[in-house]
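These notes are about the structure you will find just below.
Letters A, B, C and D name the chains as they come in the text, with residue numbers starting at 1 for each one.
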Amino acid sequence: MIAQLAMATGFALILIGFYGALTNRNILRMIVAFSVANTGVHLVLVAVGYMNGRTAPILDSAVSATEAVTRIIDPVPQALVLTAIVIGMGVTALMLAFAYKLYEKKRSLDIGKFTELRW
Amino acid sequence: MVSAVYIIIAALAAAFILGFLKEQWRGLAYVITLAALAFMSWVSAGWVWALGWQGAEAVDILTAGTEPPFAINLRMGLPEAVLTLLVNLTGLLSALYLKEVLFRLGRRSLVVLLIAIMALSGIILTRDIFNLFVFFELVVISTGGLILLSDDVQSNSRALSAGFKYLIASQIISVLLLVGIIFAYHATGTLNIDGMAGADLMALQGGVIAFFLMFIAIVAELKPFPANGWALDIYESAHPAFSAIFSAATGAAALYAVDKLLLIGGVSWLPVATAIGIVTFVVSNTLALSQSNDRRLLGYSSIAQIGLVFTVLGQRDILGDDYYYIAFGVLIAHAVGKAGLYWLSGLVAGRGLTDWSALRGHPLLIFAFLTFVFLLVGLPPFPGFYAKWELARYLAAEGRLALLALILFGALIEAGYLFRWFGYIIKRERPAQGVVSDPLKQVVIFAAVVAGWAMAFLWGELSGRANLLLALPLLFALAFLLLEWLPAWFKNIVAISGLVGYFAMTYTEYDPLRLIFIIIFTLGGALTLLASFHTSGKRIGFYPGAMLMYAGLVMLIRATDSFDFFAAWELLTIGSYFLILRGKHSEPHALSYAIFSLAGAFSILAGFALAADGAVHFTIQSLSEVATPLAPWVFILLAVGFMTKTAAIGLHIWLPGAHAEAETDVSPMVSGILLKAGLYGLMMLMLGMGIQELHGIKLNYVMLWIGALSALLGNLMAIFEEDAKRLLAYSSIGQMGYALFGLALMNHLGWLMALMFVINHYIYKSMLFMSVGGVAKRTGTRDMYRMGGLITLMPLSFIAVMIGIIAVSGVPPLSGFGGRWIFYNAIMSSEYRLPMLIIFLSVPVAFLYLFRLIHTIFLGQLKDEHRRIKEAPFWLILPQMIYVACLLVFALVPGIALRHVDRYLNDFFPNGGLGWDGLLITSQYGYWSPINIMIIIGVIFMLLFFWLLFVNRKAQKVKQFNIVFSAERPYRPETTHFAWNFFAPYRKALGFMVQPFVTLFWNTITDFLHAAANLVRRLYTGNGQTYAYHLLLFVVVVFFVRMGV
Amino acid sequence: MIKRAAALLLLTIIGGIFFTLLTGYSADENLNLTAQYYAENTAKDIGAANIVTAIIVTYRGLDTLGEVTVLFLAAAIVGLVLARSRGAGAAQTVKAPVGELLTTGSHSLLPLILLLGIYIFVNGHLTPGGGFQGGAVVASAMLLLLLANPVKRFNHRLISIIESFSGFSYVVIGVLGLLLAGGFLDNRILPIGEFGQLFSAGAIPLIYSLIGLKVGAEFSSILSNLSEAEEL
Amino acid sequence: MSALILAMVVLLAVVLIGAALVAIKGKSLPIAILSAGLVSLIASVLFLVLAAPDVAMTEAAIGSGLTTFLFFFVLSRVRGGEND
C-alpha cells in the first residue's frame, strides 16, 4: 500500500512537472518543472523496489548476512536512483548554463523568443 | 585482441589526464586526444578484423568479475565492432577537422568530444538496459556541450537555442525511459537486455507498457517524425563537424540501441518500428524538398536515412542472414555520406544550396560531393545499392509491396533534391566567396571519400554477386577520373580505343541480337566520340560521365543476372545524366531526366524483385518462368521502366529538353545511342515473357497503343517546334514509338522492323544531331527561323541533313524505306487495325517537320549576320560523312545485319520471316530489291534534276537584298519570317493534341509535393516547448496505434 | 488556452498509461533473482555491508563510472561556457562583504563539514551514504565559503587537478581489477578483509573515497563557476 | 505502527503534490525554486520511509541542497529574465 501510494505520488509529480514544462514559457521555470518531474521519477523507482515489512539493504547487527534474503528489500532500484539523481543534477546544471547563455544573448528567458531556427 | 572495454577506459583516462595539463599546453592536450581516439579506432578495427576475417567468436566482457545479469557486461561482436569503428573513426576525423576550434577552446572541449565518442561506443557495447540509459545521458550532455561550443564558432544564439530544445526533449525522454526500465526490471527481475529478452517481457504483468516506454524513449533518440524539431535545429546550427558526429555516429549508436531493444520486444514490435521508420523516411525527404539551407537539408536527409534504417530493422523477421548486410549497407552509406557532406559544408562559405557552386573550380571536391551523394542515394557501386536490391528482393518475396513502394518513393524524392543540388553546383553562378582552403579539412573529407569507395568494394565482395568494382567496363570508366588532368584529345583517343578495343575483345561472345546492340554501343559510340575531337582544353567531367554511360551500356548487354542488369541500368542512367547536365541551359532538364530515369529504374527494381520471388539469383532468361498471378505485374513494372527510357508518351517530358540542351557531341550519344538501351530492355522483357494478359487485356496490345500514340504525338509536337534540336528530340519520341509498336506486334516482322529502327535511328539521329549541332554552333542559335540559305556555306552539313531526312522519312531509296517496307509488311500481317491507322497517319506528319530542316535552315535567304559563316568543324563533319556512307551501304545491302537477326528471330517467332535471296528480299506480300530501287530512284532524280536545270536556265538571279521593306520595322521581326510558326494552320487543326497535358500532370504532382512540404514544415515552429508537445503527441499516437492493434 | 488544453489532454493520456502501470503493479513477495543474488553473495564476495554501495561501486561500477563522468562533463561544460562568458576585461562588481558572524562561523564550521563529508564517503560500504553524498557534503563546505565571501576565488587549477587525479585513479583501479581480478572495476584487487571493518570490502572504500573527492571537486567547480559568472 | 506510517505517507504525499503545484505555478520564481527544493526534501523523507537511506541522503544533499543553490546562483545572474 505504501509502495502504491508513493508510486502514485511519483507519477503525479511527473505529470505536474511535465505540465509545468509544457505551459511555462520561462526557461528557468521549465527547468524547475523538470526537476520536479525528476523527483517524481526517483519516487517511482524507489517505490517499485519497496517490499512491505522489510528493511534497508544494509547488513548490520539487526540484519545478518544469512537472513538477508528474507529481511531486506530490493537494493537494485536504490542503486539506480542514486545514479539517476546524480545524472539529473548534471543535466540540470547544463540546462542552467544554457539558460544563462541564452539570457546573455537575448536578455530574455522566454522560450518563445528563441525561434530563429524553424521549418 | 585488446578488450573492448579499453575503448571506454582509454577515452576516460585521456579525458582525466587532460585535467592535469595546464590550460596553455593545448598542443599536448590535442595530441593526447587524437592518440586516444586513434587507439579506440585501432581497438575496434582489430575486432572488425578478427571477427570479420579471421572468424573469431563474439565475446562477452564481464565487469566486476561477476557474471551477468548480476553485473554489467559488454559485448563485442561483429555488429558492435563495425559500429564502434564507425563511431571512433568519425570522432577521430572530426577531431582532426576541428583542430582550429579545439585549439581555441582548450582542453575542456577535448574532454567533451572524447566523452561523447566514448559514450556512443558504450551505447553500442553495453548489454545492460540501465547502463544504456547512463551512456545515453552522457551522449545528451556531451551533445549539449558540443552545441554550446559550436555557438562560439558562429557567434549567434541559434545553436544555443537548438541545444536547449534538445535538452528539453531529452528530459522527457529520460523520464519515460527510467519509468519503463524500472517496470521492466520489476517484471523480469533483471536489467540485462538478453535476460529481459529471455524472460518474455510481453507476457508479464505491465510488461507491454514498460517495454513501450523504453522503446518509445529510445526511438525518440532516432528523431522520428514529427518529434524531431530539435534535431533539425541542431543540424542546421551546430558546427558541421559536430553535425557529422550527430548524424553519423549518434544515429548509428541509437539505431543499434533500438536493435537491441527489439530483441526484448520481439516480433510484435517490428511493425511499429517499420511504420515509424517509413513515415519518417518519406515525410522527412518530402520536407527536405523545400529547404534552401544546406545544413538543414542535410538534417532532414539524415533523419530520413535513419528512418530508412529503422524501417529495415522492422523487417528483421524476414531478412534472415542478410539482416546485417542490408541494415549496415544503408547505415554505413548514410554515415559516410552524411559525415562527408557535413564536413564538406564546412568548406563552403555560404549557407544557401546555390552557394555550393563555389565548389565548381575544384574537381576533387566535386568528386567528393558526388561520392557522398551516390552513397546516400544508393547508386552503384556503393553499399546502399546492394542493400536496396536485397531489401527489395525480400520485401517483394514477402508481399510487403506497399512498403517497397514507399521506400522507393522516398528514395526517389531524396535523389531528386540531391541531384537538384548537384545541378546548382554545376550550373549556378559562383558566389563571391570561394571555398575555404584548409588542407587538414580536405584530408578529412577525402578520408571519407576513400572510406566510401572501400565500403563499395567491401559490399561488392560480400554480396555473393559479381563485384561491380571489379567489372572491367566500370573500372575503365573510373580510370578516366585519374586522367582528368590530361588534354581532351588524348582522353578522346583513349576512350575511342577503349570502346573499339572492348568490341574487338568480346565480339565473338554475343548472339546476333546482342551483337547489333553492342556494335551500336561500342563502335557507334566510338564514332560519335570522333566529334568530340573538335573541343579543346581538358573538358573536365565529360569523359568520366560518357564512359560511365558506355560502361553501363556494355554491361547491360553482357548482363545475364537481373542484378547485373539493374546495376548496369543505373550506371548508364547516371553517366548519361552527367553528360546531359553539361549543356549550357540543361540544369532543369537534366534533373527531370534524372528523376524520370531513376523512377523508371525503381520500377525495374520492383519488377525484378517481384519476379525473383525471393530467389537470390534471377537470370533474365527466367523471366519466362514467372508464375501467372505475378507475371503481368512484373511485365508492367519492367515495361514502364524501359519505356521511361524510350520516352514513351506520358513518360516523355524529360526528353526534349535533355536532348536539345545537351552539347553538340552529347546529343547524338544520348539520342542515337542511349535510347536503344530502353529498346534492348523491352526486347529482353518481351522475349522472356511473351504476351501477358491482365484482366483479359493483352498487355502488348496496350503497348501497341502507346507506341502508336507516341509516334503520332511525338511527330505532331515536332512539327510545331522552332528549335531545330528540340524538333529532332521530339522526332525521337515518334521514332521510338514506331519501334515500340513493332515490338508490341509480337511477330517476326515487327521485331525485324524494330531492329531495323535500332540501327537506322542510331545512324540518322546521330548524324542529324551532329549536323544541326554544327549549324547551331556556327550560327549561334537553334531557332530555325533565324537561319536560312546556309546551303552554300555549309554544303557538307546540308548533304548530311538531306540524306538524314530521306532516311528518316522512309522514302526510297535509303534504308528508312527498307524499315518502312518491313514495317508495312509487319502490320499487314497483324490484326490490330486501329493503332495501325494511327501509325499510318503519323508517317506523313513526319514529312512535315523533316522537310523544314532542309527548307528553313539550308534553303531560302541567307541572314545578313551569317554571311561569313564557315562549314562546321572538320571533326563534326567527319562522322557525318561516315554515317552517310553507312546509310548508303545499309540501304544497298541491309542483309549484312538483318539476315542474321532474321534467322535468330526464327527461334522466337518461327513464322513470317523474310526470304533472303542474294540481294533480293521477299516477304509474303512482295519483294524488296534495294539495288534496283536505288538505281530507279537515282535515274528519276537525275531526270528531274536536269529538267529543273533546263527550265530554270533563263531565271533571273536576284540579290538577296533586292527587296524593300515597305513599312516600318515590325515589333518582333522574326514573326514576319516565312518560317516562323510555319505550320500555323496545322496547329489550328491539330493543336489540341499537343497541349502539354502530360507536362501539366507531372508539374501538378511536383507542385503538390512542394506545397505539402511547405505546409507540413510549418509544424516546426522553432519553439522548444512546441517540440515537447510533438514528442508527447508522438508518444501518445504510437501508444494508441500499438495498443489498438 | 489551446496550449493548456492540449497539455492537459496529452498528459491525461500519459497519466492513463502510468495508471495502468500503477494498477498492474504488485510488490514482489520475495526478492527477484538479481536481488536475491546480491542479498546472498554481497557479504562473502564483495565484503560490503551496505549492499547498495556494493552494487554501485562494484556490480554496477560501470554505471557509476559513467555517472561520475556525467558530473565531470557537466562541470567541464559549465566551466567552459561560463569561463568564456566572463570575457577578458569585464570587471566584477565588488560586493560588500557579508557580516562578521557568518564569516567567522563559516570558518569554524568548515573543518567539521569537511570531516563529515570524508566520514560519509569512507564509510560508504558500511553505512548509508558514500562518495556521492559525501562529495555533496564536501561541496557544501565550499558553498558555505562562497556564501560567506562572495568575491572569494577558488583555485580552479587545484580543483581541476583533484578532479583529474581522482578520476584517473578510479580508472586505474578499474583497470587493475581487469588485470589482477575478475574484470574491469572488480574490487577484489585488495583483500576483502573482515566484514564490517573500515578497511574491508576490497577496493570499495578507496574507490568510494576517490568518487567522493571527485564529486566534491566537481560540485565545487560547478558552484564556483556559476558564482563567478557575471551578473547580466 | 503501519497505520501511522501510512498516515504519514499520505500526509507527505499531499504536501509533496502541494509543493509541486507551487513549484510550477508559484507567483515568483524564487518561491518556485524553493518549492522544488522542498519537493526534493520531502521526497527524501519519503525515501527514508521506503527504507532507502542512501537515496534519502543523496536526494537531500544533491536534489534539494546543491540543485537549489545552483538555481539561485543562476537566478541572481539573470535578474531581468525572472518574469519573462
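The working rule: a contact is a pair of C-beta atoms (placed from the backbone, for glycine too) under 8 Å apart; a residue touches a chain by one contact, two chains touch by 3 or more.
Given the structure is predicted, the values throughout are model-derived calculations rather than measurements.
**Q** With contacts defined as at the top, give the pair, A-D or C-D, that has more of them.
**A** A-D
**Q** List the centre-to-centre spacing of subunit A and subunit D in whole Å, with centres computed as mean CA coordinates.
**A** Inter-chain centre distance comes to 11 Å.
**Q** Round to the nearest whole Å and give the separation of the Cα centres of subunit B and subunit D.
**A** The computed centroid separation for subunit B versus subunit D comes out at 59 Å.
**Q** For subunit C and subunit D, let me know how many angstrom lie between their CA-based centres, rounded off.
**A** Using C-alpha averages as centres, the distance is 19 Å.
**Q** Approximately how many whole Å separate the CA-defined centres of subunit B and subunit C?
**A** 54
**Q** Where does subunit A touch two or more other chains at once, residue-wise?
**A** 3, 8, 14, 18-19, 22-23, 25, 27, 38, 40, 48-50, 56, 58, 76, 78, 80, 82-83, 85-87, 89-91, 93-94, 96-97, 99-101, 103, 107
**Q** For subunit D, write out the residues touching at least two other chains, lowest number first.
**A** Within subunit D, the residues that touch at least two other chains are 53-54, 58, 62, 66, 70, 74, 77-78, 80.
**Q** What are the residue numbers in subunit C that touch two or more other chains?
**A** Within subunit C, residues 3, 7, 10-11, 14, 18, 21, 25, 28, 32, 34-35, 38, 50, 52, 60, 63, 66-67, 70, 73-74, 77, 81, 128, 132, 222, 226, 229, 232 contact more than one other chain.
**Q** Taking all chains into account, which pairs touch?
**A** A-B, A-C, A-D, B-C, C-D
**Q** Residues of subunit A touching subunit B in their complex?
**A** Residues 14, 18, 21-22, 25, 27, 30, 34, 37-38, 40-41, 44-45, 48-49, 76-77, 80, 83-84, 87, 90-91, 94-95, 97-99, 101-102, 105-106, 111-112, 114-119.
**Q** Which positions of subunit C touch subunit B when the two form their complex?
**A** 3, 6-7, 10-11, 13-14, 17-18, 20-21, 24-26, 28, 32-35, 37-38, 41, 45, 58-63, 65-67, 69-70, 72-74, 76-77, 79-81, 84, 157, 160-161, 163-165, 167-168, 171-172, 174-175, 177-178, 181-188
**Q** Please name which positions on subunit C make contact with subunit D in the complex.
**A** These residues of subunit C touch subunit D: 50, 52-53, 120, 128-130, 132-133, 136-137, 139-140, 143, 219, 222-223, 226-227, 229-232.
**Q** Where on subunit D is subunit A touching in the complex?
**A** 5-6, 9-10, 12-13, 16-17, 20-21, 23-25, 29, 32-33, 36, 39-40, 43, 46-47, 49-55, 58-59, 62-63, 66-67, 70-71, 74-75, 77-78, 80-84
**Q** Going by the contact rule at the top, pick out the subunit D residues touching subunit C in the complex.
**A** 53-54, 56-58, 61-62, 65-66, 69-70, 73-74, 76-80
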